[in-house]
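After this come two complexes, each holding subunit A, first together with subunit B and then together with subunit C.
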Partner chain A sequence: MKELLDRIKKSFKIVNEEIKRENFLIIEVEQGDLKQILVHLKYNENFKHLALLSCVDWIEDKKFQLTYILWNYKTKENLIVKTYINREKSDHFTVMDIFPQAEIYEREVREMYGVNFEGNSTQHLDFALEDWDDIPPMRRDFDTLKYSLENYGEREEYDRTNIRDIISEFTDEWRKK
Partner chain B sequence: MADNKHFLNDKPEKLTYARVWEKFDNWARANSLWVVAYGTGCGSIEIPPMVTSRFDAERFGVNMVGTPRQADVLIISGYLAVKTLKRVIRVYEQMQSPKYVVALGACPINGGMYFDSYNTINLLDKYLPVDVWLTGCMPRPEAILSAFADLMKRIKEGRADGWKKYIDNLGEYRKNQEKIIKNWKMPNYNW
Partner chain C sequence: MIDKKDKEVKLFIGPQHPGVTGNMSFEVTLEGDTFKDVKTHVGYLHRAFEKLMERRLYIQNFPIVCRICVPEPDTNENLYARALEELYGLEVPERAKWIRTLVLELDRLKMLMMWIGGIAGTMGLGTAPQWSVFDRDTVLDLFEELTGARIYHIYVMPGGVRRDLPEGFEERVLKVIDNIEKKLPDYDDLVFENAVFKKRTVGLSKIKPEWVEEIGVSGPVARACGFTYDIRRDQPYEMYDKLEFDIITETGCDVYSMAKVRRREIENSIKIIRQIIDKMPKGEVWNRPPNVLYWKIPEGETYVKAEATRGEMGYYVVSDGSDKPRRIHVRGASTPHAYTLLERLVPGMNISDFSVTIVGLQTCPPEIER
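Right, the complex of A and B next:
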């Protein structure tokens, strides 16, 4: 992994890197360099398979983290490419022209986080939800408990408005043991 | 509920011809319950062992069928997403009366471990009439068989009348359903 990292570092600017295991490398790049790095990794370093594209909401830093997990069939190596994008505007570009299977992942991230993937023409279609009209549900400022109580209701004998405090009390006690 | 519309609950002590015939009908219905082979959540994994040789539900007359038109029982097996609820309502309305609903697990009762999910309903009886509730997460096949025994008992006593409630209170059920299924494009079935 060390040689691979050195080779990438020669031609690209890498913000942060970490060698997790002997076949597992994590690199962080800037949003503008992402596409070139992915092209380089696919065609020159043989990382032909995009295994996953996922998103993390860092609401305190006002950023979304996009994570591309790549896999090399020949050397059996994992490579994670991370990048941070602006949370307010959340504009990004598609990587469908490099990895066509990214189309579905981008649809999912678009639905769950509201990231706009420029160039993906099918991203507006429903992925798992139907006729969703609230803010994207996996954003951390979306209150699932409030939404659930408002839309789906509860039994009259229950009061679940502060159930999260009760659960956290129990888990704190359990952690102390 | 407008139970007095139906002759069964009208004057229970008076034995009319229709009432005797209804009793015979209920006895026949209770002994051949056909279930739609449709699973909604994680509980559907308990259905295959129930109908195959280990627990063998067919000795009680409980059988699986592939079409809702031929079925008597709809099992809501586990959590119910809003997307699935739309399909469940379509399946339920295509079934011929009399029809019964068995709700498995904690999720249809009060949300279970998905009580704060943005996508699963908490109270099934707002949207469909339920005849038998079964607690557990998940109930074992023995428990499901006991639920069927309970359902048979209720049918024989003439108390499993959820389908009548659905017809009588259709407007109320429809209002609740349309509240969470935003884009309501469903055919109107006649029953």
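Right, the complex of A and C next:
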């Protein structure tokens, strides 16, 4: 993976890097460089398979992390390319033109995090939710309990706020036996 | 809904339909009984698992991950456990790895038996599902003995497996796989060499080989196009690098080739299981992590993957150093199959062939919407 990393570094600016396993590299790049790097990786380095596009909400840093997981069929190497985008103004671009399967992953990220993928004409279509009118549900500030109480009401008999106490209670009794 | 001067009909197939694998629906446009296009809709089984997992301790997520694919839960448990082990740096004893490989192959075997029932049932070959579901049940009996549960086992744990094999378990596994192997010629007569089956599937849903890399097709669907991508060999996990097995490929690129690949995968699994039982050493089965109720995983991220029956299954896990995961994203093989690939396969297809195609692709909606 060291050679691959050196080759990428020759042409592009890498913000951060980590060799995870002997065939698994993680690199962090600037949002502006991402598309060029993906094109380079697909056509010059043979990373033809986009296994997944994922998003992570770093609410405390006001950032979204977008992660592209790639695989090289020939050299059998994994590569994660990640970038951070502004959480408040979450505009990004599509990579459908490079990886056609990104269309669906982008649709999902759009629905679950509200990231706008410029150039993806089908991103507004529903993925798993229908007529969702709250904030995107996978964002860390989406209050699941509040949503649940508003839409489904309260279940009084079901109070499990401190799961550790409950589990300890059971395991202690079990140990006594 | 009828439009374009009464020529085209819009129709919903699913979410409850005997010819659709699980709860998903397809919005199709028909002209006569020929398909013009299809739009896949999921969400009927969305249980917000990924969101739920962010609010739970690492150990509490095991009962969730196995529910991501109902007929094949152990791949999910295995991947989740492997991701945590990698992030925490937990070693797994050798015997535990062998047991995990055995569990994965038994899981694959029972999934394939169920699939035979699915594809045969879709064509109205009613006998095969009765047989194959019975044979799957014999594997489930083994799981019940091993784990205490038939469907959701929660057997694989970070650092190993919950308990060692019961006494005499290996002999009972051999008996079950011998029995299934003995019946395979009957399945051939009943399904795979059946004239009706061949007539319906040969040449159906032809995949262009270049789509495999372009879309990210994997598993038996890719191998039916002669594409030798099998994660068990390309990126070996557990004990697959110590085992001899074939990468099964066909060249027809149609539903019949997919069926043949899966049929031969059964033999492959049986061959692997025999080797595992032969080679499995004695020893510890669980290197326990610290108190799991206070278990914190160091900051980091990883992606682990495995060859599930449907293709590449992967877990992307991000930890922020706390006792709960920051993000878990599950990659199922069904996402590219049920969307991009299906949209390309459907135009010009007859309505009666649609269910056969869906079962041929072996799509599993819960892993698409989690």
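Here are some notes:
In this text, the second predicted complex is superposed on the first by the 154 of 177 C-alpha atoms of A that agree within 3 Å, B and C clash if a C-alpha of one lies under 4 Å from a C-alpha of the other, contacts with A are read in each partner's own complex, and residues count from 1 in each chain.
Convention: a residue touches a chain if its C-beta (ideal position, glycine included) is under 8 Å from a C-beta of that chain, and two chains touch if they have at least 3 such contacts.
Worth saying up front: this structure is predicted, and the values here are computed from it rather than measured.
By the touch criterion defined above, A:Pro137 reaches both subunit B and subunit C. Taking subunit B and subunit C in turn and counting the residues of subunit A each one touches, the greater count comes from C.
In the superposed model, A:Lys62 lies in contact with neither subunit B nor subunit C.
Once the two complexes are laid over each other on the shared chain, residue contacts for A:Ile104 go to subunit C alone; subunit B is not touched.
In the superposed pair of complexes, A:Leu129 makes contact with subunit B and with subunit C alike. Touch criterion not met for A:Arg7: it reaches neither subunit B nor subunit C.
Contacts of A:Ser148 after superposition: subunit B is touched, whereas subunit C is not reached. Subunit A uses residues 128-130, 137, 142, 144, 163-164 to touch subunit B in one structure and subunit C in the other.
Taken together, the subunit A residues at the contact with subunit C in this complex read 20, 23-24, 26, 48-52, 54-57, 65, 67, 69, 73, 76, 78, 80, 99-101, 103-105, 126-130, 137-138, 140, 142, 144, 163-164, 167-168. Subunit B makes touch with subunit A in their complex at residues 82-83, 86, 110-111, 115-123, 126, 179-183.
Touching subunit B in their complex are the following residues of subunit A: 128-131, 133-134, 137, 142, 144-145, 147-148, 151-155, 158, 160, 163-164. On subunit C, the positions that touch subunit A within their shared complex are 41-43, 46, 48, 50-51, 54-55, 57, 60, 213-216, 229, 234-235, 293, 301-303, 305, 312, 314, 316, 318, 326-327, 329, 331, 335-336, 339-340, 368-369.
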